[in-house]
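Structure incoming, see below.
Per-chain numbering from 1; labels A, B, C, D and E assigned in written order.
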Amino acid sequence: MSWALFIVLAVFTLGGGLAVVATRNIVQAALALLVSLVAVAGIYLVLYAEFLALVQVLIYGGAIVIVLIFAIMLTRNAEYPRTSDNRQWPLAALAALGLLGVLVPAFLINAVKGTEPKNASFSGIGESLFTTWAVPFEVASLVLLVALIGAIIIARSGPGEN
Amino acid sequence: MPGLTDNLELLTPEFALAGLAFLVFAADLVLPESRKNLLGWVSIAGLIALIVVSILMVWDHDQSLYNGLLAIDDFSLWFKVLFMGIGVFIILSSMDFVSEHLDHKGEFYGLVLFSILGMNIMAQARELLTAYIALELLSFSLYVLAAYSRNSPKSNEGGLKYIIIGAFSSAILLYGVSMVYGVLGVTKFEAIAAGLAVASEVSPSLWVGMALILVGLGFKVAAVPFHMWAPDVYEGAPYPITAYLSIGSKAAAFALVLRLVAEGFVPVADRWEQWQLVLAVLAAVTMMVGNLVALAQRNLKRLLAYSSIGHSGFLLAGIAALSLDSSLPSNGVMLYLVGYSVTNFVVFGAFISFFNMTGKEMMSDLAGLGGTQPFLAASIAIGMFSLAGLPIFAGFAIKFYLFTAIADEGLLWLAGLAVFASLVSLYYYLQVIRQMYIEPAEGEAAYGHGYGYEHVDAEHGDGEHEHGETDEPAPRYGATLFETFPALGRRPSLTILAVLGAGLLAVFWIGVYPAPLIDTIEAASRAIMS
Amino acid sequence: MVDLVWFQLLSAALFVIGLYGVLARRSAVLILMSIELMLNAVNINLIAAAAHMEGTNPFANFDGQLIAIFIITVAAAEVGLALAIVLRMYRNRSTVNVDEINLMKW
Amino acid sequence: MQWAWLIPVFSFAAAPVIVLIGNRLPGKGALISIPAIAAGFIFFWIALFGWLDASTATEHCYTAIGTEALTCNYDRVWFNAGLPGADGSVTLTWGFFVDPVTIAMLGLVTFVALMVQIYSLGYMHGDPRLNWYFAVHALFAASMLTIILSDSFLLLYVAWELVGVCSYLLIGFWHERPAAREAAKKAFIVTRIGDVGLLVGILLLWREVGTFSMTDAFAAVQAGTMSEGVTIAAALLLFLGAMGKSAQIPFHVWLPDAMEGPTPVSALIHAATMVVAGVFLVARAFPLFEAYSGIPLTVVAIVGLVTALVTATIALVATDIKRILAYSTVSHLGLMMLSLGAGGYTAAIFHLLAHGFAKALLFLGSGSVIHATEKQEISELGGLRRVMPITTIVFAIGAASLGGIPILAGFWSKDEILQSVSHGLNPAFIVLALVTALLSALYMGRAVFVTFFGRMPRELEHTHESPPVMTVPLALLAILAIGFGLISWNWPGAFGGFGTFVFVHKPHPFAFTWWIGILSAVMAVGAFVLTYLIYERGSISLEGTRQRFAAILKVVENKYYFDEIYQWVIDRVVLAVANFVGFFDRAIVNDVGINGPADMVRWLGITLRLHVTGHLYSYALAMVLGMVGLGIFWWLVTS
Amino acid sequence: MSNFDQVALLLLVLVPLAGAGLTMFMPGDRPKDSWYFALFVSAISLVLSVLIFARYDHEIGGFQFTRVYDWLPGPMDISLSLGIDGIAAPLIVLNGIVLMGGVMISQNITYRTREFFVLLLALAAGVYGVFVVRDLFFLFFFYELAVLPMYLLIGVWGSSSKFSDFIRTKEYGAMKLILFLVAGSILIWVGILAVYAEASGQGNGTFNLQTLSDMAASGQFDSTFQTLVFPLFMIGFGSLAGLWPFHTWSPDGHVAAPTAVSMLHAGVLMKLGAYGIIRVGIFLLPEGADWWMPVLIALGTVNVLYGAMSAMSQQDLKYIIGYSSVSHMGYVLMGIATLDSIGMGGAVLQMFSHGIMTALMFTLVGAIYDRAHVRDINVLNGLFGRMGVTCFFFAIAGLCSLGLPGMSGFIAEFMVFTGAFRTYLPLAILAVVGAALTAVYILRLLARTFFGEPDVRWSGLSDAGVMEKSVAGAFVLVIIFVGVWPEPILRVINVSIPTIPGV
């Protein structure tokens, strides 16, 4: 059962991804991204990481993709919705395949086999988030703050701009 | 079960720093445009106070909080002091610039403070994710600051390139982390070391993962071939931020690398033996490319960018030489960071002041500065000599120490290459000095009438006798520049003078008698080379 | 049951796809999307590993998921900031095509 | 006698004083240099008598190894090369001999120098750089005396170089004249070539012996501790130096040009004293030359003979009075060498002295002529006997003495040489030697008759005799030129003849070989008569002979093209090489070897910088490539 | 040990250094003041150096005035350890004399006078430092310190020249000089690092020359290591000593440099190289030295002949002297390479003698150039009539350089020959020939430039000023004194020669 599920999700994930990097229409690309992200959330579920799946859908599917689409709207100009790849895309493909050629064997050799996925309790996550991982948590909040301030400073139209 | 509040007092400096930043942001809202410099002074005062506080509080501690996510030890203390000191200098040297060239003055200082907080935590982090988040805090501030002068296309471009390549590299770094985690199940440095020690038949994804982590950090320290963003971002960023990039973020990244390698890799002696080579090669390529390409630069910011790439190469060589049985390499790296930073304070301080006066940043614009601004010119010259590694300046002492450490570790070839690279660097540093003091050759036209051969009579073409006749003090270029920019007549502002004065003192002090400094460094590196 | 390695391969593939996008696309926005793909690959990897972790270390299990949470957070922030810069870029240069953005080179 | 070292010291002291304050003194320094050399002359007598009543019993005195002559030797430390006492270190000394040769030479040098300096008062009168002139004169005298006295090869070399410089300075005294300038340079460089040989020889000896002392060297030769090869090599190298100084072929070219210097200088340096230093050196190092069946001696003899013959022929056709004398000097130096080569040690020294006086006389005489007429070309001179009687007489005496007219000093000395040649070498030598003698009589006669007899050109009508300050020295020298030969005789009871004073191995009394004596006397007289008939009476015309031997004459008149050959070598070889090296240094070593790599590095930088394209995605691409590479690398090293 | 001896060497280094520092605060608008001050400083340092030389006890020998100041303890073990032996003693006097002369004749520097003397004094301090320290780090430190100011000294106060077929700008000269010397010092640096690594491999890493040379003496450095590392020092220091083919920086540097700088450059700086070969190369790597000496002496001979030949082909006074320096440094290298007690002594004496002689020559060339503004020997002529004293002194310098007895040059070269004759006969003979070649170009120079009927163009020339005269006079006195009675210097040198390993 989970094999089938896994394959379906994987197909959607990768298909979405490929669409993002292949399509010539940027809006479609955004939608493809959404598909792929949701599929990834599914993968999390297969791995019993329900909380993560939730976060994934909310933040990615909710926030990020929306922001991206807004950005697309705001920066719409002559070439949109049609976009294209740059001059070096064949090289890029080669490099990407090369990396794949390194990663795949790296994962395959002495791979760990036959382990059951175990699920992690919400409470456990929450607890360690506020004990062991307190510092990263606090810092992450600062990161968000900085991003916020920065975004305002940079994007806000200053004096003398329409 | 360690709680959120255990030993919380040990983090006082960090909380205080965050508080300081918030204070600045808050005060920014109420202060009028004209008084924003006050914020700068506030942050400086706060930083100095924090330096004192943290020295008093956590001197000679050796603890590790939150299951070893954070280290409160002399190493982190040493770097924290260094970072906050850097912060003081950066803010000092940027005050004029900010009030003249930037809007959103208040946030500027706040962001700088946040970035310093990020650096502090990077120096303390003993776990990959913590390190990563701290790194992102630093990076985000820098992304914003790099794009800070909003209406300059260059600044935008720099910012864009920086953030996209930055995000890309952090994705790579994280993938590396995930691969390591996938094999070892841990992300703490010591735990990694322990895991490596026992791991025999493991998936090679572990090695690849480490390589990817190295890539992520290599981007941060601008190691070749992950360096290409540096020149553009340096050139695009506002001048003080350029300085900050080449001093602060580099130092922070190396603090992280030092701890990671020293606690995570070095203890596994037999593995480390093998990996040294990788780092050594990376270092060799970096120092050569950085210095060679710098030869061809005409824009001062780009020049310094490439030169800082070259220096990263030297530092990486020091990293590659780390070993259990001697603390020389880690001392060398830290000493080098200090010497490099103070030298750059001087150089950038002078350049920023020059920019404030003329708004120019090409090497050729410096021509004749020796006549119009003797002190600035002298500072730049000293800085250049120091960067080139010539004696009685910091550059010589630190290079000698670091290279000795490298050679002592058996990497003589790398040390030799480093020495050669610093010869190459000498050429372009001298080009700057030449621009300021020596009038560029005018070619044929400049040659006067002679007999057997013609003898050059360009103005002060010949120190022997010409000057008796031409009593025009400043070289011609200086003169024209002088007419165009009357600001050149003014004395550099007090803040700049403070930076230069302190920097020069430090440069000479480290160059002549670094022993006390090295004692503190010794203590710091003992903390990580346990 | 699906072995860890398959998830890892999946993540590798996704990572490489995103990476290709970064290298090959012209629009800065698309490049950001591709980076998001890469980050997702990271997360898949982490969570899969966390789920399949042998119980050597009591916290090992969750760490992966926690890390993933942080990554998602930071990714969100990153996109926001990056898009701000892109917008500023567009306002000044009225383009977001990275191959027209080379004022500074060499 | 232990004060003999003062003889040079007087003049050494005089030189700097004259340079510094000479100009402010009445005599422009002459008042210092002349007394100095005079004091030297006095001390010469002291040394002589001191030596006469010395014996092997007296301290510092012993019978010299090699020459078997009574020698007194004093020295003190100069400096230590290497830590004293440590092995391989050398202690260098100032030291001097007093032995017959030294004494004889001392006499010659001090006396002639004295005469010449007095004469210079008149000749150089009113020259702006007079103090410089006298200073260098003093320095020269001092150095020359040091050569004579020195007991170590090193000290000899030191003085040897100093006289060379003095000669350089004095030849170039009138440096405004390009000719003088070039002559000075030529003299110095040509002699310098010889000096290289000398120095190498000296160091070679040192390498064998371990000290620079001549005595030790001779002792080593005698004891046979020095290998044959080294001995011969050293001797020949020393002889190279001697050839340079004594202007033996092929180094003779500098001496005639040296006549560009003031005439008194020619008299003192290039006739009487310095040029004989070579002969003196060979005599001094005689034990070296004669060791191992004296192969070097043969070389000496041949070189001497060739020189004598060749230059005599040139002298016969030369037209400048001073050059005639110069060539004759060279030819006589050749004779001295010849006699040394023949083992005629005594004869050589004896002729050296006789020739010294006579030639000094002749030069000073010619100087008096030049001073009066300011002409040197004998074709422009003539009939001077009417206006300059004294000069005429003394010049004639000198010429006769040198030409070998009996009773005069030159006759006896030349006779001794011929004897030793006939004893020591095979017949060919004696024949050629006689020819040389004949030739010298011929050119001397020519010089005398053309210059002082015959009809006088009109512009010379109102020339006057030179002042006494010039003529008195001439007279004194003339007396010696006449009477000096007498000391070669055996004066029963008083003096055993020169041969018992200066000798090698064993003293030998005065001897006279009748056939040689008569033959040479006849030849000399005949030669003078012949020249009288040609140039005074004109009763014999040379045109026929000129026509017949035109080709040969041309060669001879061009001095056998020696100068041309040298010029060619210098221009085409030395300078060419030098210029090539200069070019090589700038073009190859510097521009290619040094600038090349530097430019390459810069070029590398300029090309490498192109990899930063400014395009974001290519930065990313580079990162990926680096990432892949690093991943593989890391994976591979981890095994 | 009196108190003076305790601090003598420290003072010797600090006086010029502090002088340089203080000169910075001289009023920039009153050049003369800076000059007076520099004069004062250099006078003090001269007195100090002479005092130290006089107080050096040649009966005892060895290192004297020793003093150690800790600088960096621990694994690095760097200490500022001072002390001079008989080899260094004459050289500090040389530096004192040349510096004094250089400052005296620099009174006509009016452009940025203050900075000029700051750099000049810094340079001198570096040179003193190299001679008096006994620690590799500080030796290198001062070595670089001595090289560094040359760039600005030449670049700012130098002069460019255009010759018939090529151009030498001062920028080129300066840049080439410094890059060259620093390139040389790279090799030295690597060598130093190698030695340190080797020593710390033996369990005591240190930069102390004494310790290291003791280790070398006790054979703790294996011979292959020595053989591999010695060339680094030989070429590195050699290139500063003008070792062929690494010599071209020197003549070009001279042509570009102002007079005082040329004096220090040829007079003192080039000696650092030779000194370094002895002090570092031979003391630390005796076996390597032994292995490489044939090469060094061959190169030295090439220096002698090649330098003389190129000097013969030059037209520019400074080029001629520059190449003659190359040629004369050849004798120094030969003397060192003989590893012979006399030859080595000769080498050291030649350093001293050549230093004075070449400084004298540059003084006079400077005097001529200041007045005629030309240095081409085909253009200058008959100067004797106009500048009698100058030419007289120049003639003496020339005679000294062609090895005329009675002058310092003769004694030194003679000792070198002696040493070489004992060890490398054929090369020694070539060297003697080289001495003869010297005569050729020197006499050519004298004849072309000074003798002959003066051109009307030179009628206006005045003779050297009182400063130049007195400097030149002093130099001449030294030359002749040493030539006539070398013992006072030689006995100091001799006492330390046997301590050189291999001699």
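Please note the rule applied: contacts are C-beta pairs under 8 Å (C-beta built on N, C-alpha and C of every residue); 3 or more make two chains touch, one makes a residue touch a chain.
Source: prediction; values computed, not measured.
K.L.:
On the document's contact criterion, could you list the chains that touch chain C and likewise touch chain D?
P.N.:
Neighbours common to chain C and chain D are A, B.
K.L.:
Compare the CA centroid of chain C with every other chain's and tell me the farthest one.
P.N.:
Of all the other chains, the one whose centre lies farthest from chain C is D.
K.L.:
Quick check: more C-beta contact pairs at A-D or at B-E?
P.N.:
Of the two interfaces, A-D and B-E, more C-beta pairs touch across B-E.
K.L.:
Point out which chain occupies the most central position, where each centre is the mean of Cα atoms.
P.N.:
E
K.L.:
By CA centroid distance, what chain is farthest from chain A?
P.N.:
D
K.L.:
Between chain A and chain E, what distance separates the C-alpha centroids? Give it in angstrom.
P.N.:
So the centre of chain A lies 70 Å away from the centre of chain E.
K.L.:
Whole-Å distance, chain B centre to chain C centre, using C-alpha means?
P.N.:
28
K.L.:
If you average the Cα atoms of chain D and of chain E to get two centres, how far apart are those centres in Å?
P.N.:
Those two chain centres are 37 Å apart.
K.L.:
What is the distance, in whole Å, between the centres of chain A and chain B, each centre taken as the mean of its C-alpha atoms?
P.N.:
33
K.L.:
Out of chain B, which residues touch more than one other chain, so two or more?
P.N.:
Residues 67, 129, 133, 136, 140, 143-144, 147, 150-151, 159-161, 164, 168, 172, 179, 204-205, 207-208, 231-232, 296, 427 of chain B each touch two or more of the other chains.
K.L.:
Which residues does chain E have that touch at least 2 chains other than itself?
P.N.:
179
K.L.:
Provide the list of chain D residues touching at least two other chains, using ranges where the numbers run on.
P.N.:
As it turns out, chain D has residues touching two or more other chains at 609, 612, 614-618, 620-621, 624-625, 627, 631, 635.
K.L.:
According to the definition of touch, which chains form touching pairs?
P.N.:
According to the stated criterion, the contacting chain pairs are A-B, A-C, A-D, B-C, B-D, B-E, C-D, D-E.
K.L.:
Using the touch rule from the top, collect the residues of chain D that touch chain C in their complex.
P.N.:
Listed in rising order, the residues are 609-610, 612-617, 620-621, 624.
K.L.:
Would you mind writing out the residues of chain A in touch with chain B in their complex?
P.N.:
102-103, 105-107, 109-112, 127, 130-136, 139-140, 142-143, 145-147, 149-150, 153-154, 158-159
K.L.:
For the complex, give me every residue of chain B touching chain C.
P.N.:
67, 129, 132-133, 136, 140, 143-144, 147, 150-151, 153-154, 156-161, 163-164, 167-168, 170-172, 174-175, 177-179, 181-182, 185-187, 191, 205, 231-232, 235-236, 296
K.L.:
In their complex, what parts of chain C are in touch with chain A?
P.N.:
1-10, 12-21, 23-27, 29-30, 32-34, 36-37, 40, 43-44, 47-48, 50-54, 59, 61-62, 65-66, 68-70, 72-81, 83-88, 90-91, 94-99
K.L.:
For chain D, which residues count as touching chain E in their complex?
P.N.:
Those in contact with chain E are residues 78-84, 86, 88-90, 154, 157-159, 161-162, 165, 168, 172, 175-176, 178, 181-182, 184-185, 188-189, 192-193, 195-196, 199-200, 203-204, 206-207, 574-575, 577-579, 581-583, 585-586, 589-590, 593-594, 598.
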